[in-house]
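In what follows, structures are represented as structure tokens.
Two complexes follow with chain A in common, the first pairing it with chain B and the second with chain C.
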Partner chain A sequence: MSMGVPEIEDAKLLFIFGYNGADAHPIVARRIVKAKQKGAKLIVTDPRITESARIADMHLQLKGGSNMALINAIGNVIIAEGLADKKFVEDHTSGYEEYKAIVEKYTPEYAEPICHVSPDLIREAARAYAKAETSMILYGMGVCQFAQAVDVVKGLASLALLTGNFGGPNMGIGPVRGQNNVQGACDMGALPNCYSGYQSVTDDAVREKFEKAWGVPLSNKVGIPLTHVPHRVLEEKDEAKKIHAYYIFGEDPAQSDPDLAEIRETLDKIDFVIMQDIFMNKTGLHADVILPSTSWGEHDGIYSCCDRGFQRIRKAIEPKGDVKTDWEIISLISTAMGYPMNYKNTQEIWDEMRSLTPSFYGATYEKIEALGSIQWPCRDESMEDKGTPYLHKGGKFAHPDGRGKFFASEWRPPCEVESSEYPYSLSTVREVGHYSVRTMTGNCRALANLEDEPGWIQMSPADCEKLNVKEGDLIRVYSRRGSLITRVMPTERVKAGATYMTYQWWIGACNELTTPYLDPISNTPESKYCAINLEKIDDQASAEQFVKDSYESIRTNMGIDTAKKGV
Partner chain B sequence: MGKQILTTCPYCGAGCQLYLNVNDGKIVSATPAAGRTNEETLCLKGRYGWDFLNDPQILTKRLTKPLIRKNGILEEVEWDEAISYTAGRLSEIKAKYGPDSIMGTGSARGPGNEANYVMQKFMRAAVGTNNVDHCARV
Partner chain C sequence: MNKKLGSFVVACSDQCTGCKACEIACFASHNQKGNKVAHTVGTVEIPVTPRLFLIKLESNCLPIQCKQCEDAPCLNSCSAKAITKVDGVLFVNEDLCIGCKNCMMACPFGAVEMLPIAKKGKAVSQIGTDEVRKSAFKCDLCSGLENGPACIAACPHDVLKLIDLEDDRKEKSIRAAIALTLTGNL
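On to the complex of A and B.
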């Protein structure tokens, strides 16, 4: 996020794009409600009537997969009506003319048939966004999980550039992402193209610095993204270019990745699969070796929250069983492979990381301890440098010329659209109470009871009537890649023809259905959108039995003694 | 006597601060702390999400011992064997197909920043590849 979470409540206008705060981050959602109470205007763009949409001043209920067209239309209105912040554009940005040339044709009338939002509403939203004293954009997975994700994010940033909504408090643009430490994994360089602090592996000076510190020559070739692994295993013919070993650390691709059938095949074909985790999971069923690690609550460290805040996690209890911390396990393997690593504790690791990462250098353990939270960049060790609540202060950007770069791109339709054979669209969404792949919350007694297998599919009442199904009925869902059984949840909140499922269920695993199409830049799979068909199940009793049997067999596969159920 | 441990909620990027209340080496409850982002509030997940640490085995169970697949079946082994087996197989594959034939992940979940730093260093310095990524994309 370019801003801090507390600033949300002081923005004069919030533009919420494909982000369902109430479900994804309840505490961020609370700030949105507060902002509204303090008089902020709220514009929500979402195909569903989300909690935020209910309290919004304007709800742009666009058709799934049309984000780019809508954003271009908003830019078009701001320019056409002379609402741009000309001084900011002149002093602090580049690429305006190219931007203008692309959005020119996206008049609200041109966008309407693509987005299904009325031209009046688009104009009204654009005017409100441009005219508010400080406007803040919050976006979520509704943006990121489309194949055109990176374009859309840059398009949103361009709206903030166009209206001068960067460089001060209570404005800017903020991704609010799913998993708790996505920011941290990126910050630390768990990315194929950069070391910690976003330092590029192709920058010679940076690489030499790391080579010197680590004492070995390093590769200057950008690595492959996770989402390319299936291709590099199943389709790559050249043995030397294939992936032969896969070290999976704290993730569960056999549940969380799109197109699960393909992932299972991939894991089975890879010569050697290492899984390191706290719980047995679906990936474990394909692993050659499983390394048990300590969990949150059992180890020390630092997380980065969504607004760049470094905060401590602390060990509260002793782990049970013969487990080790993640960094110890990796260090032992490294040492056994001839590259010794001997860290005593997390602080020692953190200090090494800081010494190589200028933008985090000032965030010492002592300072995080004293202040509770430090938002990077924090460059100086002295107590004076308390970090950076918002980025781009005074309109300075990270590009070499210090300017924010405009970016517009033509709208592209989703890779897989509805057809006569698969007449409905399916999007994956998040749900309150259950976290990601669920091994953690699914094992919390108070949370496990919230909902139960096999999960639900949200459908419009009109579609339910057409298929003659009612709430709670089991229904079969098909795509070109797989099928599953789930329960019907009729809701007025979705449009006819569109359906929604949450992704954490094991029997109703919606990733059996989703597509592996990727955004060409971010390599994000398009899991927000695919085409499906629905089929009423006449024999409900045997479908119920099937669900029950599948649940028991999953638990048995995970090594749980079935008789212990309900403990 | 019980103790209170200040920590960060592991369930979403909001980064709420909370106290784990520990009695007899067991977590008994969680209470909100005055964090920058949460100001003494927590959602359901923050309040009750610690229970998995007691391993109630509702959905799956905690791993408590290293396992190696032998003749198709996962068998419990000692750490020494697990580490030397893993390091050996990785070295073999690296020698045969080169470092870029190995892929590693970071973790966007519980392990924390230090473990991610060590993982990417391992992939880059010990294995010799930039093939490291995490599930942010998924």
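On to the complex of A and C.
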């Protein structure tokens, strides 16, 4: 995020794009409600009526998969109506002419048949966004989980450049990240292309610095993105390039990755799979070795919030059973593999990381303790440097020439669209009671009592009527890749032809259906769009029995005590 | 009039984000003593039985709960005399309730639900069969419980308020009286 989360409350206009705060982050949603109460204008772009859309001044209920066309149209209106911040564009940006040339044809009238949003509403939204004193963009997985994702992110950033909404408080652009501490994982270099603090693995000076610190030669090549693993196992002919071992921790690809049938085949074909997690999960069923680790209340550490804020977490209780912290396990494995690794605590690891990462160097344990949170960059250890609440102060950007780069791209449709055989679209979403892949929440009696297997598919009342199904009925959902059973949830909040499922359920696992198509730059899969069909189940009783039996069998296979399950 | 009007909890749809913290807080506060429900989910051994119900429609989202009616249809229709009114609050006695569902039918707000009874951390079975015993559940404003109503305290968005309509009416009529005086045209 270019801004801090608390600044959301004080923006004069919030432009929320493909982000459902109420279900994904109820506490961030609170800031959105507060902003509205303080008089902020709310524009929400979402194919569903989310809680934010419900209270918004304008709801652009676009058709899924049309983000780029809509954003280009908004840019088009801002330029055509002379609403751009010309001084900011001139002083602090580059690439404006190229940008203007691409968005030129995206008039609201051109975008309408793609987005299904009326030209008047697009114009009204563009005017409000450009004219507000401070406008802030919040976006979520409704932007990132498309095969055209990075383009859209840059398109949103270009709107902020075009209107001068960078460099001050309560403005800018904020990706509200999908997972707890996913920002931290990226900050620490758990990516194939960088070390901590986004220092590139292909930069020789950086590599030499790390080689010197660690006393080992390091590769200067970018690694393999997670979503390329199936390809490198199933299709790679060169044995030397093939993946033979896969060490997975804090991740459940057999639940969360697209096209699960392919993932299971991948996991079974790899010679050796290690799974390290707090509870048993679907990936664990395919693992050769399982390393049980501690959960968040059982260890110390630092998380990064989506707004670049480092916060300390502290051990609250002694771990039960034969478990170790992730860092202890990594140290032991490393030592056993011939590189002795010894740390006394997480502070030692943090200090080593800081010493190699200039942009985080000033964020000491003591300072985080004293201030509660520090947003990077924080370069100096002295108390003077309290971090950076918002980026690009005074219109200075990270590019070597200090200017923000405009970017526009032609709209591309999703990779798999509806057809006569698969006439509905499916998008994966979140729900409030269960988190991520249900490792932490699915076996909780209290939460299982609120929502439980096999999960739901959200459908428009018109589609329910067409298929002659009602709320709670079990229904078969299938795509080119797989099929599953889930329950019908009719809701006026979705448009006819579009359906939505949460991705954590073991029985109604919607990733059986999703496509493995990726964004070419981020390698994030297109979880937000695939084509499916629905089939009414006449024998509901045997379908109910099937759900019950499959759930029991998964639990038995995972060694979860079935007798203790709630009433 | 010698008796106060019963107060009740209402929600504001504009602020609610549908997080269900109120439902969980309601359940937890009513089961702390009898069923040892504590602050973490690991202590929940029984079915979750909230007494207010989150409703999501196309353009509304808010929890619905009992209005503590003055001439309460639930109480009037109860065939087992299981519903009583104490200090303006309507209570269901779970031990007397036979689950006839008259109150569910009678309640114009859908604020009564039939839910399983639990005691000492276990679901209670019926005498004649193994089936779980159910009773009517409705909001009792957390009467007799500390720091109630729990839903109000738990809501992160200040959506819920305890309404005292007598005070509210008085305040409104005072404002109306002042406004009327200001017009000065009578």
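Following the convention adopted for this analysis, the second predicted complex is superposed on the first by the 564 of 567 C-alpha atoms of A that agree within 3 Å, B and C clash if a C-alpha of one lies under 4 Å from a C-alpha of the other, contacts with A are read in each partner's own complex, and residues count from 1 in each chain.
Basically, a contact is a pair of C-beta atoms (placed from the backbone, for glycine too) under 8 Å apart; a residue touches a chain by one contact, two chains touch by 3 or more.
The model shown is predicted, which means the values in this text are computed figures rather than measured ones.
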In the superposition, chain B vs chain C on chain A residues touched: B
A:317 touches, of chain B and chain C: first, second, both or neither? first
First, second, both or neither for A:33, with chain B first and chain C second: second
First (chain B), second (chain C), both or neither touched by A:206: neither
Which of chain B and chain C A:55 touches, first, second, both or neither: second
Chain B versus chain C as contact partner of A:295, first or second or both or neither: first
Partner chain(s) touched by A:156 [first = chain B, second = chain C, both, neither]: neither
Chain B versus chain C as contact partner of A:68, first or second or both or neither: neither
Which superposed partner A:493 touches (first chain B, second chain C, both, neither): second
Residues of chain A that lie at the interface with chain B and also at the interface with chain C: 26-27, 30, 432-433, 444-447, 450, 567
Residue ranges of chain B in contact with chain A within the complex: 5-17, 20, 22, 25-27, 35-38, 41-46, 48-53, 55-69, 74, 79, 82-91, 93, 96-138
Chain C-touching residues of chain A, taken from the complex the two chains share: 21-23, 26-27, 29-30, 33, 36-37, 49, 51, 54-55, 432-433, 444-447, 449-450, 491-493, 566-567
Of all residues in chain C, those that touch chain A in their complex: 14-21, 23-24, 27, 41-42, 44-48, 56-61, 116, 123, 132, 156-157
